[in-house]
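I have a structure I would like to understand better, so I am pasting it below and will then ask my questions one at a time.
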Amino acid sequence: MVRLVFLGKFGPLAPAALACAEPPAAVATVGDLRDWVADQAPALGAALAATPFKLIVNHAVVHDLTAVLRASDEIAFMPPMSGG
Amino acid sequence: MVRLVFLGKFGPLAPAALACAEPPAAVATVGDLRDWVADQAPALGAALAATPFKLIVNHAVVHDLTAVLRASDEIAFMPPMSGG
Amino acid sequence: MEVRIASTTFDPQAETAAFAAGRSEMGALASFVGLCRDRHDGQVVEELFLDHYPGFTQDEIGRICNDIAGRFGCPDILVIHRVGRIMPGEAIVLVAALSQHRNGAFEAVRMLMDYLKTDAPLWKRETGPDGVRWIEPRAEDLARRAGAEGAIV
Amino acid sequence: MEVRIASTTFDPQAETAAFAAGRSEMGALASFVGLCRDRHDGQVVEELFLDHYPGFTQDEIGRICNDIAGRFGCPDILVIHRVGRIMPGEAIVLVAALSQHRNGAFEAVRMLMDYLKTDAPLWKRETGPDGVRWIEPRAEDLARRAGAEGAIV
């Protein structure tokens, strides 16, 4: 099981069930997870396709989509930020 | 009679009597006044000689030392400023 | 050095006063308050909502704060950032910095605000008469970041 | 727009709060407080004295304020400057500016502080264990003025 966090505009598009997800065994890398998530919810998938976003694994930015997922990882999907 | 204002470090060097001064008739211009003031108080004269300062006549900076003095003018002697 | 994520209103001036109290070796206190406006780009703003990533958001802002504090000689920096629902007139963010001379405090506050506007893990949503919209950094903010000497990206 | 010459202590945060109250069309409040330090260049400061030219000092600061307000799109600026005897820890000067976006408020406060440090009709005297000395602008302050784009001299 992995924990998924959808921030900003991704939040309202993500089904609640995705917060604690059990992707199939074939989902081995961060890139696989991204593709699998997009398939679970079409509106979220469309937003992910249309928006540059960062992936944060266990509170660290991950640029390498071939990074291997581990059980109990926390993965956050972060759209462009706007604070202040 | 003219009113004289000595600001900053010039203040403690200026005799109180200079606040309302009656320079002799020969003191016709701002430059004359500056020289006359320096003669009235040697410590003030030394400070004026050693310090770049501005002359303010009736609240306006005067650069032209040949400007003619008028009765009841107010002339301020301003050393380098330091606020904030 | 304090970074606080606040889910309720705060009083920026009272917080600034408490932050600066008793620091008579410091000559300069610069601060900035970002306020929720009642209009944005000509549209009425009924409320804002700020999303954050609990834990991560505070840690990231704290990391940047420490970096900026060291670069500008500001031993003390305070950041308070609201999250959740925010109404017009309320403070969204306070950044305050103490330093011996004014330059360090000014630069620290300014650079932190530039960071918070474009690169801190915060997401702003406006609600107006036409519904909700998520805000992305203004072109001007991104240009400031791109042009900033030694900017944190 | 308000410029006040204060001969007694004031509370910079309370003044800033009153200045900004009810201005929900404004998104940015930048402010700076200059405080009397208890040390300067390694020497103990027992007290400061600030001399001014009554009437002229306020008018000059007001004139520069109006100029800066126009240049940076800050409809409201507050300046409070102490004169007379000032003790360590007390506020010497407050500059606060409101604007729609942060850039205008930051620039207005910064430029006003640069002006106040070097070109406003104010004269600062420090008293320490070795007696009194009149302060002249720091080389750094004069350099900032010389280098400032569009600086007021």
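Of note:
Should a chain be cited, it is by its letter among A, B, C and D, assigned in written order, with residues numbered from 1 in that chain.
Keep this in mind: a residue touches a chain if its C-beta (ideal position, glycine included) is under 8 Å from a C-beta of that chain, and two chains touch if they have at least 3 such contacts.
Quick caveat, the model's predicted, so the values are computed rather than measured.
When you average the Cα atoms of each chain and compare centres, the chain farthest from subunit C turns out to be B.
Once the centre of each chain is set as its mean CA position, subunit B and subunit D turn out to be 27 Å apart. Rounded to whole angstrom units, the spacing between the C-alpha centres of subunit A and subunit B is 75. Subunit B and subunit C have CA centres that are 50 Å apart. Contacts with at least two other chains are made by residues 84 of subunit A. In subunit C, the residues that touch at least two other chains are 34, 102, 113, 117. Pairs of chains meeting the touch criterion are A-C, B-D, C-D. The part of subunit D that touches subunit C in the complex is made up of residues 11-14, 16-17, 20, 22-39, 88-89, 100-103, 105-106, 109-110, 113, 117, 140, 144. The touching residues of subunit A, counted against subunit C in their complex, run 5, 7-9, 11, 56, 59, 76, 78-84. Across the complex, subunit D meets subunit B through its residues 34, 50-53, 55-56, 59, 81, 92-93, 113, 116-125, 134-137.
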